[in-house]
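Next up: the structures, one after another.
Next come two complexes built around subunit A: one with subunit B, the other with subunit C.
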Partner chain A sequence: MFTRRNLLLSGAAGAALAGLPAVALAEDMPGVTATEIKIGQTMPYSGPASAYGVIGRVEVAFVKMINEQGGINGRKINLISLDDGYSPPKAVEQIRRLAEQDKVAFIFQSLGTPSNVAIRSYLNEHKIPQLFVATGASLFGEPKQFPWTMGINPSYRTEAIIYGKYILANMPDAKIGVLYQNDSFGKDYIDGLKAALGDKAAKMIVKEASYEVSEPTVDSQVVTLQGSGANVFVIAATPKFAAQAVRKSADLGWKAERFLTNVSVAYPILKGAGLEKSKGLITAAYVKDPADPIWKDDPGYKAWAAFATKYMTASVITDGNAAYGYSVAQVLMQVLKQCGNDLSRANILKQAANLKDVKTAMFLPGVLVNTSPDNYFPIRTMQLQRFDGTRWVSFGKLLSD
Partner chain B sequence: MSTLPTAKAEPERSGFIGWGRVGLACVVVFALVLPFMSSGYHLFQYAQVLNYAIALVGLNLLTGYNGQISLGHGAFFAIGGYASAILVAKFGMPYWVTPPIAGMVCLVAGFLFGLPALRLEGLYLALATFALAVAMPQLLNYKHFDALTGGSGGLQLAKPGAPFGLPITSDQWLYFYCLGFAALLFLAARNLVRGRIGRAMVAIRDQPVAAETMGVPISYVKAMCFGISALYAGVGGALSVTIVGYVSPDSFGLFLSLSFLVGIVVGGLTSIPGMLFGAWFIEFVPNYADQLTSSLGENAKALPWAVYGVLLIALMFVMPRGIAGAVTAMAARLQRFTNATKRA
Partner chain C sequence: MSTFAHQFFSGLAMGGVYAILALALVMIYQATHLVNFAQGEMAMFATYMAWNMMDSGLPYWAAFGLTVVLSFAAGVIIERVIVRPFAKAPVLSMVIVFIGMVFIFNSVVGWIYGYEIKDFRSPFPEKAWFGNTLMSSHESGVIVVTFLVLALVYGFFRFTPLGLAMRAAAQNPASSRLVGIKVGWMLALGWGLAAAIGSIAGMMAAPVVYLDPNMMSSLLLYGFAAAVLGGIDNPWGAVAGGFIVGVMQNLVGAYLVGTQIQLSVALVIIIGVLVMKPSGLFGRVIVTRV
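This part shows the complex of A and B:
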């Protein structure tokens, strides 16, 4: 879908980036003074997705730490983090407040697919960078159509491509059954698998079964998929349904290689499915699991734990979302450092699209952040992991889409 | 329902000018001058207040005047919003013709929903409408409607600019656009409740048996009231989608429906102008609460809704009849005071 849209939108909008001025005038730097830069974001501190609010809290705390250390290039950072309750109309309102009243330089890590789609047109129209959008949807890496909007998470599509490549290399005769949630999240996986398998997709994918979030169980879909004779089972499901699928496939005695989306790999979910029944699952990861004792001597983890203890509470140390927020905040600091004294919106975007092998504390070793004016998907590398009954164990090389 | 104020006492008039008219004139002047003194972001908020106010008037006709409790008006707001978005995005209609159509769609939907709901009284009706609000986001996400609704990705709309080359910004135009609809619908609601149908609605609420004896067609009035109420919510939803420029199932969560109920109680049950206060409350107070808690430090980030709750309780305690009730009481006191000085 992404490539097709790119083709359709030939050269017309392509010049948008190339035409940016190299050095902007000082008065052309909204949200920036000699001593401060203002950055805005919206987060679901309330509402159905409030579990993700910790990401915003970590980032605000991280900025506080940087400010105590003297800021970046002598400027303090003022990160204004507002609640949008995961409601798109509220997100539009808050973003307009940040842009028009607080006059922030740019927007950083606003969370959620619907909210980000809702604010994308406004931000692009006003040429305000919308950096490192916190969602895995593959919608936020289209530099030709939306030059001011950039994602950060490996997209669901990237993840699916990695599964597809692994299957192609290691099980060339695989027969694949896919369970997917019937929305853009689930469809991204189908899309990615097909892209990776290429002309073999029609032969290798023997069955696709979808479910609605309103359904009580996916047991019947799992039975159907097993009946199709598949020996590879890809589970593109949100936590509750993923747990059902894992349990059911084990109960059926289905001896398939099972791939599980990294959205649903948290320990409590697998515990719900049964740890014994979860044994052998494969996923792709990019964030270190802070609850895994293997990292206890890792310098990145130690820095994270020390930060969390000092600036937040020790209880967030094991929260994967919090660790993710810490790493993305480090990427932001890299962008600001690269900007030097030219903090115009154009230069901020230019530097965000010019990241080279940025390392962070809590992304897995080898998972580096890379962008270019043509590549708005900063993380395209993931590490395959297998569940051994108690924890996820990395295996094989890092894979890219 | 007997605790609700029954008939509205007209404030005692003296001379050719009453405080009520002075107030109305002030509101009109204020509403017309506002867009030239505010930033685009504030105008967006004010327009949103007007849209919520329209929906609140609708809910108030149903709950305040007719005594039927609805916890599901967010669903009609959603239907109106989606109707407008689909007409614009899929059928290429100009945005300004969609609010009346969205209103009609909701009138029919509300009337049909109101018919079976006639058998349900009080809390049971509240539960039935609650179910509607819970189901709506999932219905909008239903895969067989994807071609129309855009599924979970929703629909994006272009933001309209001012027509006829008017020298005003897009935000100013959209504010006036919403203001026009709000004025029209407020006036219509005022006329409705002052007339025969309005009296029938109140009679059904207070004394259903007596009303029936007097020949009021109870089922028809109740179902029609539901329909009109939904129409208001639908127009509000359609206008809201135009100014936001985006619609998705997440735009109309359950919380929206509950906010509407908060809005009519805060604004004042059985008050039409009070709905402006109610809408102001549901639009702005969560923001104030968020700012207040942010200033308390990072660990208070989870608290804005606690502050909101405290404010709500305090308000109900100080102004048991809503903001409109408090304003009316104050105006009456002022009137008595002027009368007294005149006599002196």
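This part shows the complex of A and C:
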């Protein structure tokens, strides 16, 4: 029977229940004991992006190695890595579980733009650090709006600015055609190019053509761009469409300087487009390509290969994603070291935003990690590379945005 | 001018792929009066089989032939095992079965082969034919294959006793049974042929759009549009519809509205045509006597 009193009582009980996790979260150092710190992440171990799952596996293995060596400041690290299938609703569910049941200290390297957008408000509301999200979207470096969220990859915008600066310096009369995916990924490149070209943008960018991921091919867009008379072709496309664009531009006999987003530079993608047709492509890189023999005597590469052989399987050594995960795990260790014994969420965030010239094993020489309370883009330096038909060859100086 | 020609011919080549898929839909529609939403995913699965065979060393045309034969058998088996029990069920149950098959094929392939794109070889030479600078040899090849498939389908229905029996079974099952046609087997045959044609569409599309588990989802949409535009009971119409959709998609995007809404505009035009001619451009007008 519903009386007003019953309703009031049940309301009070509900409020008390809802208040419980909040109380737990408001403790001094959630997720931290004298011997352990708990960290959470979600990764696409299944589903369409499962190729990236290796990043999570490398990081879990890296933590195992650190624990065997005694942990950080006497504490063992417990990295709880859950599958989100690259699905935002599932990521939200898993992140809530990590925060409310496992009570992790913070979230590290959750992967994918859509999933990270989905969990960002929740984590910021509860003041849980969302560190080094694994995506290049420029959405994740806004300390004023989302102080608890920080990226790690150079943003797509940074990459586009670097292309723009190179074009401005070396081809001041260039006519640029841009192929871009019609979402925040593709539009970051348009933004970056316009920012770099400044008031010359309107004159230099002669044509922009977008595509939707639901389209079967981008051949028609490439024909349109060639027809615009452009002599520089910027390809801001995910792997399948990038391969189509590279191949079609070669088939058309279009003699343009072609820039390819570093999202789509993996060898199998270029092989799909045709290695001969991929010759001359330019990209910007920040991770050493572990498949490239040039690094075989590099101390960073040797450390990576030794780790991979001992803690994983030798077959991951040549996987660029895995090498990336190794380097980001090293950045995480630097943050934990800097924290000392104060592992409160506020201090973890403070130290993450106070990294100075951090070097890692598998980022390119000169690519250093730097953050400050108003710079949430840890990597802003990249190296231009040109594809010679078999591998990417670095040229020129490091460039910054 | 050359840009226009390039747009036109690259649209024509994609149109060829839509046309073959549309033919597969026409085939099933002729046999069962149903539209198979899983046609695309079945074709994708077949294309992976072909890729697997080539990867293990089989020459292209051997893998091609074997894939077509296996797809035919798979189509017959699917009809016998999965579709037959729903023969008397309402159409909506059938739709759910088709949608279920879409997801099953998609995830099974993703699970076996992964989601990265794979390079699929074209049977046609690298160099363009007859010094044709407007189309690659694969693009020209697709158009040739489209007409070959069309000729086969047309010839089959028009000139063979089996084709006649199939048409009869679809149009009037009761009378067909009386003259000794095995109607049940005709349905299975329709499924088998549709699956075989679909596999050809997959193998023609894969060198252009690359092989991945989601390659067919967008193609099938255009294949549908092509089939409906041309008239879903007419093979010639389906092929014409395919070419029209392919070319229109390119030209609308390049010259009319820009790429952002080219798909919407192409579909708006199709709906416009259907409003005037509900049975499609070349479809038969069906008069039902009440």
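By our rule, the second predicted complex is superposed on the first by the 374 of 401 C-alpha atoms of A that agree within 3 Å, B and C clash if a C-alpha of one lies under 4 Å from a C-alpha of the other, contacts with A are read in each partner's own complex, and residues count from 1 in each chain.
Here is the rule we go by: a residue touches a chain if its C-beta (ideal position, glycine included) is under 8 Å from a C-beta of that chain, and two chains touch if they have at least 3 such contacts.
Being a predicted model, the structure only gives us computed values, none of them experimental.
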Simultaneous placement of subunit C and subunit B on subunit A, clash or fit: clash
Partner chain(s) touched by A:R96 [first = subunit B, second = subunit C, both, neither]: first
Partner chain(s) touched by A:A61 [first = subunit B, second = subunit C, both, neither]: first
Partner chain(s) touched by A:T309 [first = subunit B, second = subunit C, both, neither]: neither
Residue contacts with subunit A in the superposition, subunit B compared against subunit C: B
Partner chain in contact with A:P48 - subunit B first, subunit C second, else both or neither: both
Touched partner set for A:S87, first subunit B, second subunit C, both or neither: first
Touching partner for A:N341 - first (subunit B), second (subunit C), both, neither: neither
First (subunit B), second (subunit C), both or neither touched by A:Q221: second
Touching partner for A:E212 - first (subunit B), second (subunit C), both, neither: both
Contacts of A:P239 with subunit B and subunit C, given as first, second, both or neither: second
On subunit A, positions contacted by subunit B and by subunit C: 47-48, 182, 210, 212, 214
Sites on subunit C touched by subunit A in the complex: 2-3, 6-7, 10-11, 14, 17, 110, 114-119, 133, 136, 205, 208-210, 212-215, 217-219, 221-222, 249-250, 253-254, 259-260, 263
Residue ranges of subunit A in contact with subunit B within the complex: 45-48, 53, 56-57, 60-61, 64, 82-83, 85-89, 92-93, 96-97, 99-101, 112-115, 117-118, 121-122, 139, 182-185, 210, 212-214, 312
Interfacial residue positions of subunit B with respect to subunit A in the complex: 39-42, 44-45, 48, 138, 141-143, 151-154, 156, 158-159, 240, 244-251, 253, 255-256, 286, 290, 298, 301-302, 304-305
In the complex, subunit A residues that touch subunit C: 47-51, 182, 209-212, 214-217, 219-221, 223-224, 226-227, 239-240, 243-244, 251-253, 268-269, 271-272
